[in-house]
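Here come two complexes built around subunit A, the first alongside subunit B, the second alongside subunit C.
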Partner chain A sequence: MNPRFRRYFFLISVVAFFGVFAWGLHDLPPFGHYRGPYGDILNHVAVYERHATDVVTAVNFDYRGFDTLGEESILFMSVIGTSLLLRPQKKETDNNDGKADNSLQRDLDESERRRAPAASDAARVLTLALVGPLIVFGWYIVTHGQLTPGGGFQGGVILATPPLLVYLAGDLKTFKRITRQEWVEAIEGAGIFGFVLVGLLGLFVGGAFLQNLLPLGQTGSVISAGTVALLNIATGLAVSGGFVQLIYVFLEQTLEVKLRVQGGK
Partner chain B sequence: MQLLQMLILCFVAIFGTAVVLTRDPRSQVIGLSFFGLVLACMFFIFQAPDVGLSQVVIGAVALPLMFMLTMARVRRNTEEHEARKRHEKKGKEAA
Partner chain C sequence: MSLFPYLVAAWLFCIGLYGVVTSRNFIHLVMCLAVVQSSTYVLLLTIGYRIGGMPPVFAGVPVGTPAVDPVVQALMLTDIVVEATVVALLLSLAVQVHKGTGTLNPDHLRELQG
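And now, the complex of A and B:
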């Protein structure tokens, strides 16, 4: 593809794109005029039907809870896929064992010898002091999903940050010690399984999958909205487990492999 | 449209363009974090605090991980390249 053809191709594409774009904009409703009936209906009925003051969470974990199960499974599968893809490979660990050309490796190590400086006292104190409040805040976001913005997903990600802070204050060894691999995987699996279990409860009593069958409680209290609160906790567990796992494999890929190449000599 | 909404949309457009136009990866990461912050404010101003919260947590936890991995990989490639060059130079001097 020569430059002239490329330029013409670009110009034609731009003109075509803006034509279609303007055509699409023309028929849009004016700014602030919402034409979907479902949103208005839900805004009116959700608080009475589900006793949840955050309609977004009521929609996510009740009216379309099955979609959320799908989304959670997507996260689960992508974490598994990433772990599989980033696992330490034989080639990376045995880089300098029995190879004829060791001097190249030595030259490489000269540039890799510099390590990140140890965390300063101020950083250690600040990050470690944040660990407790973040755990409380994460659980607050998870358990108050039906009342205020937030929910299992956002809270779950916040719950995954304390180990990351511990890593920032210390090193990967400490991170590994407080996040035992089998526990992280168990928590992640328990979250997904709990979600499905709550859904199956609806089938057992003769209703639909993910039917909201628990007592709804008083609107505005923490224990309200029936199964929405339970599903939020399950999602929080699954997401926090998944993200800790992600953080672990990413840190391992960037730090551990390199250290092993260094330490292998 | 309110003034605040117009203002925040302009900010999103400016920061988004700035991120795309930045070439140095390290400056780009910092620019992108500002862009994420502006984006979260935009969601909040347009009355979607749930989405804003999601944007904040993803921007604070997931995005830096991607950058860390990418930049480590880029740096390792550069270092390997430099080491190979040093190595070849040494070989020539020995010969």
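And now, the complex of A and C:
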């Protein structure tokens, strides 16, 4: 397919798309006049039924917790796929035997040329000073998901940033130490497994999968909403482990070279 | 103006698709795909929006106050995080393509290599 034909084909497709889109819009409510029943029902019952003031979290981790398990599996599978695709290959690690092939040599040379200047003192102080507060803030977001906007997904991403800050500060040895693969993988796996385990609890007592069977606690307190809080923590672990893993495998592409250069200085 | 948000969603979809169709670089292609996906965020949040509605968070607010639809927001919330990991998976494919063939241009990958 040559580019010209491709463009024409695209134009025809767009015209067809707008036809279908206009047809679909025809029966939608005008902007700002929401009329679906489900959102309103949930907004009315979630606080009484689940003692969670953030209805979005109640939907994610209780009413539609099963869908969230599906989403988490997509996340898990993507991270595993990325790790598999970017795992160090034999020819990339065995470069000291002098028989490395040309493509490897080219990769290494590019990486060396890409070498960035060392982090300045200002950058190092700022990034390392942020590590502690970010860990506290991440856990705050994870554990307050049922009360205010937040939860395992958002907090998990925040919890994955401290290792990246350590990398930005230029401290590669510490970065490698805190992103030890067995730990990161264990955290991510524990998150997914914990989610399933909390779900299975419901089956063990004769109820439904992911049924909310813990005491609901007092509305508005940190320990409330039953299993929602536990599922948030599990999701936080899975998401933070997954993102640290992603950061690691992408940086690993140049990290070995950088460490060698740093050690040789 | 009640059509405007729907048109924004359609525009994001089309412009992202145009980028995918005409892309000459896999990394650019992955980013265009992310733009296409963001059109679904605009569309679904638009459907769930209510003029004057507050966020569906009832901390210190009496239940019954008009609020926007929490279901679409829950969908978006999980998808934004999941999308980031899927983009990472696609980018790792781009890295492998570049390692194997030395190019990131989809048009240069015509010939099958044994």
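For this structure, a couple of remarks:
Quick note on the criterion: the second predicted complex is superposed on the first by the 200 of 265 C-alpha atoms of A that agree within 3 Å, B and C clash if a C-alpha of one lies under 4 Å from a C-alpha of the other, contacts with A are read in each partner's own complex, and residues count from 1 in each chain.
One rule holds for everything that comes next: a residue touches a chain if its C-beta (ideal position, glycine included) is under 8 Å from a C-beta of that chain, and two chains touch if they have at least 3 such contacts.
In this text the structure is predicted, and so the values were computed from the model without any measurement.
Touch counts on subunit A: comparing subunit C and subunit B, the chain ahead is C.
Residue contacts after overlaying the shared chain place A:37 against neither subunit B nor subunit C. By the touch criterion defined above, A:206 lies against neither subunit B nor subunit C after alignment on the C-alpha atoms of chain A.
When the two complexes are overlaid on their common chain A, residue A:246 makes contact with subunit B and with subunit C alike. In the superposition on chain A, contact is made by A:149 with both subunit B and subunit C.
Using the contact criterion defined above for the overlaid structures, shared-chain residue A:160 touches subunit B, although it does not reach subunit C. Residue contacts after overlaying the shared chain place A:254 against subunit B, while subunit C stays out of touching range. Within the superposed three-chain model, A:56 lies in touch with subunit B and with subunit C [touch as defined at top].
Shared contact residues of subunit A with subunit B and subunit C: 31-32, 54, 56-57, 103, 107, 149, 151, 153-154, 157, 243, 246, 250, 253. Touching subunit A in their complex are the following residues of subunit B: 1, 49-50, 52-54, 57-58, 60-62, 65, 68-69, 72, 76, 79-80, 82-84, 86-87, 90. Touching subunit C in their complex are the following residues of subunit A: 3, 6-7, 9-10, 13-14, 17-18, 21, 25, 28-34, 36, 38-40, 42-44, 46-48, 53-60, 64, 67-68, 71, 74-75, 78-79, 81-82, 85-86, 103, 107, 147-149, 151, 153-154, 156-157, 220, 239, 242-243, 246, 249-250, 253.
Subunit A makes touch with subunit B in their complex at residues 31-32, 54, 56-57, 103-104, 107-108, 110-112, 141, 149-151, 153-154, 157-158, 160-161, 164, 243, 246-247, 250-251, 253-254, 258. Residues 1-6, 10, 13-14, 17-18, 21-22, 46-51, 53, 55-59, 63-64, 67-74, 77-82, 84-86, 88-89, 91-93, 95-96, 99, 102, 107 of subunit C are the ones that touch subunit A when the two sit in their complex.
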